[in-house]
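Since the structure comes first, as structure tokens, the remarks are kept for the end.
Per-chain numbering from 1; labels A, B and C assigned in written order.
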Amino acid sequence: MDYNLSKEHLLLQEMYRSFAENEVKPLAEEVDEEERFPVETVKKMARNGMMGIPFPKEYGGQGGDVLGYVMCVEELSKVCGTTGVIVSAHTSLCGAPIYENGTEEQKQKYLVPLAKGEKLGAFGLTEPGAGTDASGQQTKAVLEGDHYVLNGSKIFITNAGYADIFIILAMTDKSKGTRGISAFIVERDFPGFSVGKHEKKMGIKGSSTCELVMENCIVPKENLLGAEGKGFGIAMKTLDGGRIGIAAQALGLGEGAIDEVVKYTKERTQFGRRISQFQNTQFQLADMHTQMEAAKLLVYKAACKKEARQPYTKDAAMAKLFAAEAAMSVTTKAVQLFGGYGYTREYPVERMMRDAKITEIYEGTSEVQRMVISANLGVN
Amino acid sequence: MSKNVYVYAEQRDGVFQKVAYELIGKAKELAQDLDQKVVAVALGDKITHAAKELFSYGADQVIVVDHPTLLEYLTEPFTKAMYAVIKAKDPEIVLYGATAIGRDLAPRVSARVHTGLTADCTKLEIDAETKGLMMTRPAFGGNIMATIICPDYRPQMATVRPGVMKALEKDASQTGEVEVFDAGLSENDVNLKIREVVKETKKVADITEAKVLVSGGRGIGGAEGFAALKELADELGGEISSSRACVDAGWIIRDHQVGQTGKTVRPDAYIACGISGAIQHAAGMEDSELIIAINKNNTAPIFDIADVGIVGDVDVIVPKLTEALKKIKG
Amino acid sequence: MKNILVCVKQVPDTTEVKLDPKTGTLIRDGVPSIINPDDKAGIEIALQLKEKTGAKVTVLSMGPMQADIAMREALAMGCDEAVLLSGREFAGSDTWATSSAIAAAIKNLPYDLIIAGRQAIDGDTAQVGPQIAEHLNIPHISYVADANVEGDTLVVKRDFEDRYHMIEAKTPLLLTALGETTEPRYMSVGGIYDAYREKEVKVWSYEDVKDNVDPANLGLKGSPTRVKKSFTKPVKAAGVLHEDVSADEAVDLIISKLQEKYII
């Protein structure tokens, strides 16, 4: 077991850090204050190969590995939770299911532009009545000759306002329950497809979170992803991978908060000393650092198992559960250690705390992760 | 036997640069220690007459290479000319201004001659024992100083930044005969074609690149306060910067803002004028090499991080400081 | 234009170097090593020319084995090949000896254009580029802000403090690039994977270049200049607050401090 990063991963880390520091960090406050989706950053990331890291070059990707991709989300999230989730949702929730389940034609037509970052991706599973209980899909898809007609709506869809390509889950055969759900590749300008209400959120405010509305939406039958009835399985597997991305986002948020606390406490003086010299500060930081290091091990392990094509469902769930709860705990402590200044928007820690909360909820709540982990222990 | 201290007297558009006078001033001291002479070398087109003034700044001899190929700076004709003079005269020392010209010419000449060159010297002295030139310069990004010698090769060459050495007072009574030197130049030496020469005014400063920053805070009273700070900055070869308060008040544009929500700077010297030094500002400048703070309020937090703190009135001290600096420069 | 050589140097990030307050010596541990900024601008200019002309870009450096990572970074930015010249024979070189060694390596490689950085942030001399050109007996243009091709002619923007020249030149030619006027691209993610998986860094020793250079011109022995002594500027002590001083006294205090710190 070699716990050291390889030379190429160290160089990747350096590149991600440099990009995050120079291109992402200066915009982070504005992206949050103005709830602005950073289109220019997405273009730059595309140019540098950050929108298709784990996909093979033959499909427009960078030929990288899952660990290299996960480190990218981590480093971006250290300075901006919004930017981290843009990459994560695009790569894990849209690019990956097409790569893992698509036909050669579908990969050439959709994966290539996604991997190159020429198009942005999103994933539509969640509905008003189907959140944690994802099986209750109300969106229907009816085959009519050479196309399906989709009717229904999705909510809380990340990247929706700017995405070109959506993976949409819909019920093709209600009588079969979860085995009657199918997955579709839907383009934004398919007739009957529209992006609806934009959610105002507590955190990751620059992330575009919207409703999707399908009213007799025409989807060519070539756009069925995988076989009919296999959609739920595809969605669950997709979320397994997506969980590692979100775990990486949480990891980055926690680490970023610790960096800010270390910097601040070394400058701030009270009672005639730097507050970093108080044992309370030191002990808190020791705990916070240990929590995030533990999270990192879980995240990187899950990534490596996925790369090695070993079963990783439980590992991904543990990584996401632990990293999200750690991030919430660490960012909250960070605000506390900053004192009054930490509560103001002049310093980034309150944003990091607001951003961290969602990592405990989306792509499977912490409760869902516990269900997955205990199922893997054989105790459900 | 190599002899005499030579100075490359840089000219642009027929006007000799201040650094040339400064180097002649320094050369005079070195020549004295060596009991030798100062020779100024001017390269240009139709500059023989103008070169006479170099005597009045302290040159004992003036050599001119006057040729059409030397109208505008180009490496090869200038290198060939300088090389010819050096080969013919065998100088002990040659000094060049460390300008965009000197830092191009000197290395090429040193390689053609096969001798040592030391760049950006801040101090030049003759070693009493060896009579060799001791050249002191900053290294490692300015974090250390090194004294360099060139014991076995001649001439010993050095470049010196403008503003480091001191020119002598012009003495019009000092004059002499300019020696016109034929360096064997021809059109063939012009191996690159200058398509266009575009003369420019100074661009907008980037405070993160400045070596010296004179920074204003609420205590300077208003936008006009920056005029005095700019004068001081000019004397020190630096730029002006500001705290957030002045930017918010509209006294100066955001490009100059230092601090948590502004830029982080690490100049060699940061002079904080009327700045309280709240933590958001300190975060942007506390790694400055030297921090000097002037503030009326003796409890201002800036004094916790300043190397030299003065409790006083910025409006009085800054103009006096500028005057005093002008006097030193002479 | 078929072949472009870019000369780079791996340097300590001198903006991150600190002085040990107790001993007054430099703390070099933990200071990150980077590609010298002016050289990185040179890589960017080379890659832009590559995009326009299809030329092959080879990056060359003289340094210790740990400079491998700088070579990989250059490859990850888009350079095609990398050569690292390394050996004890080159240690202790001043700019004459350094430029002699690098010119010797260059003589083994095909080139139309050579690009170096104007100066390195550790030595700050700006001498090696022009000296390499002299050893190779080719023209050089320094302080290059921009370079473009027009047919078989290079058009170069050469900066001065108060003006700039647009210069037409033919190859072979050496340019020294300015870090402040060219923004270097990031390494691409795929480029980093390729740098380690598909490309290699060729390591050359003295043996590989000895036919191209007189050994008397190499290393410490071959250096016309040498360091007589080096010293750190006075250590930053705790600050002093002057409360009851007149304006004139204040001015004197400030000036003597500025002089002490070599600001004036």
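Heads up, the rule we're going with is that a residue touches a chain if its C-beta (ideal position, glycine included) is under 8 Å from a C-beta of that chain, and two chains touch if they have at least 3 such contacts.
As the structure is a prediction and not an experimental result, all values here were calculated from the model.
Participant: Give the identifier of the chain nearest to the protein's overall CA centre, each chain being represented by its own CA mean.
Facilitator: C
Participant: Find the two chains joined by the most C-beta pairs in contact, please.
Facilitator: Ranked by contacting C-beta pairs, first place goes to B-C.
Participant: Can you check how far apart chain A and chain B are, centre to centre, with Cα atoms defining each centre and the answer in Å?
Facilitator: Here chain A and chain B have centroids separated by 54 Å.
Participant: For chain B and chain C, what's the span in angstrom between their mean Cα positions?
Facilitator: 22
Participant: Could you tell me the distance, in whole angstrom, between the mean C-alpha positions of chain A and chain C?
Facilitator: 40
Participant: Mind pulling the residue numbers of chain B that touch at least two other chains?
Facilitator: 304 - these are the residues of chain B that touch more than one other chain.
Participant: Which residues of chain B touch chain C in their complex?
Facilitator: Result: residues 12, 72-73, 75-76, 99-101, 103-104, 106-108, 110-112, 114-120, 122, 134, 138-153, 191-200, 209, 211-212, 236, 266, 268-269, 271, 289-292, 294, 298, 303-313, 316-317, 320-321, 324-325, 328 of chain B touch chain C.
Participant: Enumerate the contact residues on chain B facing chain A in the complex.
Facilitator: Against chain A, the touching part of chain B is residues 260-261, 279-280, 282-283, 286, 304.
Participant: Could you list, by residue number, the parts of chain C that touch chain A in their complex?
Facilitator: The contact residues of chain C facing chain A are 69, 72-73, 76, 185-197.
Participant: Applying the document's contact rule, which stretches of chain A touch chain B when the two form their complex?
Facilitator: Residues 263, 267-269, 341, 346-347.
Participant: In the complex, go through chain A and note every residue touching chain C.
Facilitator: Where chain A meets chain C, its residues are 6-8, 11-12, 15, 18-19, 47-50, 53, 57, 61-64, 68, 72.
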